[in-house]
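In the two complexes below, subunit A is the common chain; its partner is subunit B in one and subunit C in the other.
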Partner chain A sequence: MTQHRKWGLFFFLTPVLLWLTLLIVLPHIDLLRMSFILETDTGETEWRLSNYASFFKEPIYWLTFVRTAIYSIIVTLLTLVVALPVSFFITKVARPGTRGFLMLLILLPFWVSELVRVYGWMILLRESGVINHFLLKLGILDQPVEMLYNDAAMILGLVYTSMLFMVVPLVSVLESLDDSLIEAAYDLGADMGTIVFKIIVPHATPGIVSGAIVVFMLTLGNYLTPNLMGGKNSLWFTEQIYNQFIASFNWNQGAAFGFLLLLLSSGIVWLGLKLSGQTLGKVVR
Partner chain B sequence: MIRTLPTSRTYDFGFRLYICFYFVFLFAPLLVTCVLAFNDSLFPSLPWKGFTLDWFFSNHAERIGIFHDRINLDSIWVSARVAFFVTLLSVSVGTCAAFLFEQEDFPFKSLLYFLMLAPLVIPGVILGISILLVSNTLGTALEDSWRMDVGILRPGFWLVVLGQFSFITTLVTLVVSARLKKFDTTLEEAALNLGANRMQVIFHITLKFLRPAIIGAAAMAFLMSFENFNTTLFLVGSEATLPINLYLQVRDGSTPVINAVSFLLIAGTSLAAMAMLYMSGKSET
Partner chain C sequence: MNKSLLSIVMLFLVSIAAYPGYTGAETLSLLTWKGYAPKVLVDKFETETGIRVNVTYTNNEEMIAKLRATRGAGFDLAQPSQDRISSVQKKYRIYQAMDIRKIDTAQIIPSMLASVKKNTSVGGEFHAVPFCWGTSGLVVNRKIAPDALDYSDLLNDKYTGRISYRLKRPTLIGLAFAMGKDPFSLYNDTDAYKALMEEVGQAMIAAKPLVKNYWTNGDALLQSMRSGEVHLAMAWDNGGWKLHAENPDIDFVAPKSGALGWIDTFALPAKAKNIDAAYQWINFMLRPQNAATFTNLERAPTASAGANQHMDAVVRANFDRSFPQAVIDNIKWYPPVPSKLEGIEGMILDKVKASR
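The block that comes next holds the complex of A and B.
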């Protein structure tokens, strides 16, 4: 019996250990190692902090970094503001019979590749796009306006892409909110604002936190949407990493950027968990 | 507010209008993409010039439909092969991990569990570059010391498979674990008492119980792999996967062929999603 147990443990542990050490732990150790290496002109390598130094010296690098962080926070807040009423509608206002159908409708677009969704927005928004076509037809515009390739279009795309990851946790947390609490508050004369901020939001906090963490992380690490929908000035930090790796072929600099992005992302996740008193394991569920 | 409470007409109307707008926002890009796949025009834009299936079946020099477009067809085939191997690997290892974390006990279990969750909070771009770095380091080391040339370690098909496998396995583990938690362990004990060994119990009883979760996880893994962009971007070699190939086309200008591919993707994923929901609905009752 104990012999079998040991054998079972060995059988399950080996593939999992191989996966986690070879594909998660070692690559990130190598990422850290590479970020401290400077390759000199003679082809020799030295341990230096110069990759990090150039990040702080070149304003374009750290400005992009700060911009990406701030825009990701804005996107997270906007997604929350849009998603909260929708989740409330699905759980509390819509007839119970239609709930499953509405949920299906909300999930469906996110099964489709992100590239297809971004492409859809591109043919809607661009100068020869569908929205311009209708605005011209209706006589609202005299000549087409370029609505793509600016920060607003990029934010719209990012909010759209991350919507699902906010709606799902919000719906599941609002489902557990007892209707009678809202009814009681109403009977006691509370107005809308009081009900929303004293009852609904406090109850939904765990869902808001896990949604916000996932949305923030995905937005921070997004490449497609800023690259295809943003303008010349809407540089995203992942694009800087891509440029270092693929265009400049400066892998050490790229590794330093990658490690900084990883630090920012895990730092924010950690902060979010700490502030809300949750653990990663709980948020996952 | 909620169904049971009286609300004013304008409030009700406003809320419903908001929800309508939300669904328009959700489906407009997908709908427009699909409709323009059938427009008889050289550009994916309005005005509507009549219905055509050219972008699917035509084989003229100036409009080559998707079914005659070698590059796009090849990339679909690459994606399908990548997704097949990723699904196979991630479902096997993910199921092992679920057994490991649910049924075994060993030192440093919580540390390993934390590592298993880590890919959820690592941006896909970072996962891509760190796997690229470590495989390059390893490849160089092998070549320098043993003059061995290991093809797998260069960007290409197998590196893409490994990169996607590294985070999709986490999702598979979570899905299978969730079902394994509901497993009635007295069934296992009964079988063990009747003289079965551990592996027999797992194959004949536990895996049978897990089957719906494993099928669901496999479908999810296939879809996620098929659509992955961020991690693949850095690991791809000469064989482009479908999202990479579409990205390059969208970036350099677009033709309705992209709409045709998108239409097929939207139709395919919707059907797959419906089938999965239907099956999960069946298995729960």
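The block that comes next holds the complex of A and C.
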């Protein structure tokens, strides 16, 4: 019996382990090795920490990282603000029959690729785009306005892209909230704000934190949306990594940036968990 | 039941085997630029030789990164620009030497072949033959911006919000020429080159509010110019000519300080599998009729000798209009790029993009 279980475990674990080691662990070890190598002018290689040092020495690198992190936090908060009422409506207000339909509406945009969604927004927002066309037709504007290529457009795109990843955990957490708690609060004369902050948010905290982690990581690692919708002002840290690898041919520097992104973002997530009093084990469950 | 299931499976396998892609037919994996393998020519090549062509579209930088990642495997033929080959080859060995005997040299304009051979030679062997050429310059809506004549107009506040260019090295080099400097002569003096590029970078940062956006995709730029969102852009000549055919107000303008001339080539990756097919494709694409088909579609001239007589009159008119002899003599051809410059340029371009 135990022999059988052993073989079963071995059988089912092998593909996972192979996948992890061959496709994730090994390439990362190679990248880590690369990140400590400095190529001198003569083409020789030395083991140095200079790739990491240059991140802190050159203001443009760490400023880009700080900017990326702050914008990712803003996007995460905005996504929460938008997603919480939506999830509450789906779980508590909508009739059970329409719930599936509403979830479907949220899922639907994710059936096409991110690129297509971003181009959709670009067609809407650009100077010769759909929204400007209607505003001109209605006489609200007399000159088309460029709505793309600024931070607001970029944040809009990022929030839209990450909505689903906040709504799904919130819906599953709010489903377990007993309606009678809210009814009792109303009976006792509580107002809207008290109910949201004393009942709904504390109950939903694990869902909020797990959604926030996913949204934060996805936003921080996004490349397409900041690049296409943010336009000329949007140097995202991922773009910095891409530039090191592709434009400057400096793979060593790019690898160091990659690891710094991993470390610093893990640090921010850890800080978020500490501040909200959650543990990773509780959140991912 | 089992028998019928088996026969269905067999039928399925047979039908897969019968499909041309899986008969073990030869394939050619081509790593190239958008538009360099038009469908008509790919189909013609397939019927002529029976070789299927798999095309991957990319640009110079990604081409090098892709081949470097696999140490030159995965593709049978690549099409980098001639100035981006020798330094990369010295460092990463991602190409293999060309065998001139397998190439129909009578089809190639001798001066271009000689210059590409010279610029791509490493260790006494050459690594590419020319395919097509063109220039970077200005694409201008001449009705609105009739006096935009040089790269310096990209920094002119007369056109605020209507300017677009790429954050890539040609922009830095064009602006340096417009400042009256010669960046190519500083290629081997890293410090002086860096100082010049810093100066150009400062000018670009100062002029950043004038820019509509930094374009990354050629089709998207053409769309912005078509819809009138952009009036002045730094772009390739063939893009300007495409727009000229639709709207005579828009045209390519060779800048006063000289259009930047590039030559894209054929080069064999170090671990190419199907070298025979690669040579066949090279000779096929440079055959005058086929080269002319390419030029008629993409508006880019080729290195094929004798393609001119097969060209459409409209396409030839473009060259006559934009490139009188004096302008051609003023083209600044890219010399091979030494390896250290890309890092310097990348840093400056990052600073421009990050500035407010």
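As a convention for this text, the second predicted complex is superposed on the first by the 254 of 285 C-alpha atoms of A that agree within 3 Å, B and C clash if a C-alpha of one lies under 4 Å from a C-alpha of the other, contacts with A are read in each partner's own complex, and residues count from 1 in each chain.
Keep in mind that, in the parts below, a residue touches a chain if its C-beta (ideal position, glycine included) is under 8 Å from a C-beta of that chain, and two chains touch if they have at least 3 such contacts.
Predicted model, so just to flag it, every value in this text is computed and none were measured.
For subunit A, the partner touching the most residues, choosing from subunit B and subunit C, is B. Residue contacts after overlaying the shared chain place A:Pro27 against subunit B, while subunit C stays out of touching range. Within the superposed three-chain model, A:Asn233 lies in touch with subunit C and out of touch with subunit B [touch as defined at top]. By the touch criterion defined above, A:Val82 reaches subunit B but does not reach subunit C. With both structures placed on the common chain, the touch criterion links A:Ile182 to subunit B but leaves subunit C unconnected. In the superposed model, A:Ile195 lies in contact with subunit B only, and not with subunit C. Contacts of A:Ile60 after superposition on the shared chain: subunit C is touched, whereas subunit B is not.
Applying the stated contact rule after C-alpha superposition, one finds that A:Ser128 touches each of subunit B and subunit C.
In the overlay built on the shared chain, the residue A:Phe245 is in contact with subunit B and with subunit C. According to the touch criterion, the shared surface of subunit A, contacted by subunit B in one complex and subunit C in the other, consists of residues 128, 227, 245-246. Subunit A meets subunit C in the complex at residues 41, 43, 58, 60, 63-64, 126-128, 146, 148-149, 227, 231-235, 239-240, 243-250. Interface residues of subunit A facing subunit B in the complex, by the touch rule stated above, are 4-5, 7-9, 11-13, 15-17, 19-20, 23-28, 30-31, 34, 82, 85-86, 89, 92-93, 95, 104-109, 111-124, 128-130, 133-134, 160, 163, 179, 182-183, 186, 192, 195, 213, 217-218, 220-224, 227-228, 238, 241-242, 245-246, 251, 254-255, 258, 261-262, 265-266, 269, 280-281, 284-285. Of all residues in subunit C, only 61-62, 64-65, 68, 88, 91, 161, 168, 208, 211-214, 216, 227-229, 339-340, 342-343, 345-347, 349-351, 353-354, 356 touch subunit A in the complex they form.
Here subunit B touches subunit A in the complex through residues 1-5, 15, 18-19, 22-23, 25-30, 32-33, 36, 43-47, 92-93, 96-97, 99-100, 103-104, 106, 112-127, 129-134, 136-137, 162-163, 165-166, 169, 174, 178, 197-199, 223, 226-227, 229-230, 233-234, 243, 246-247, 250-251, 254, 258-259, 262, 265-266, 269-270, 272-273, 277, going by the rule given at the top.
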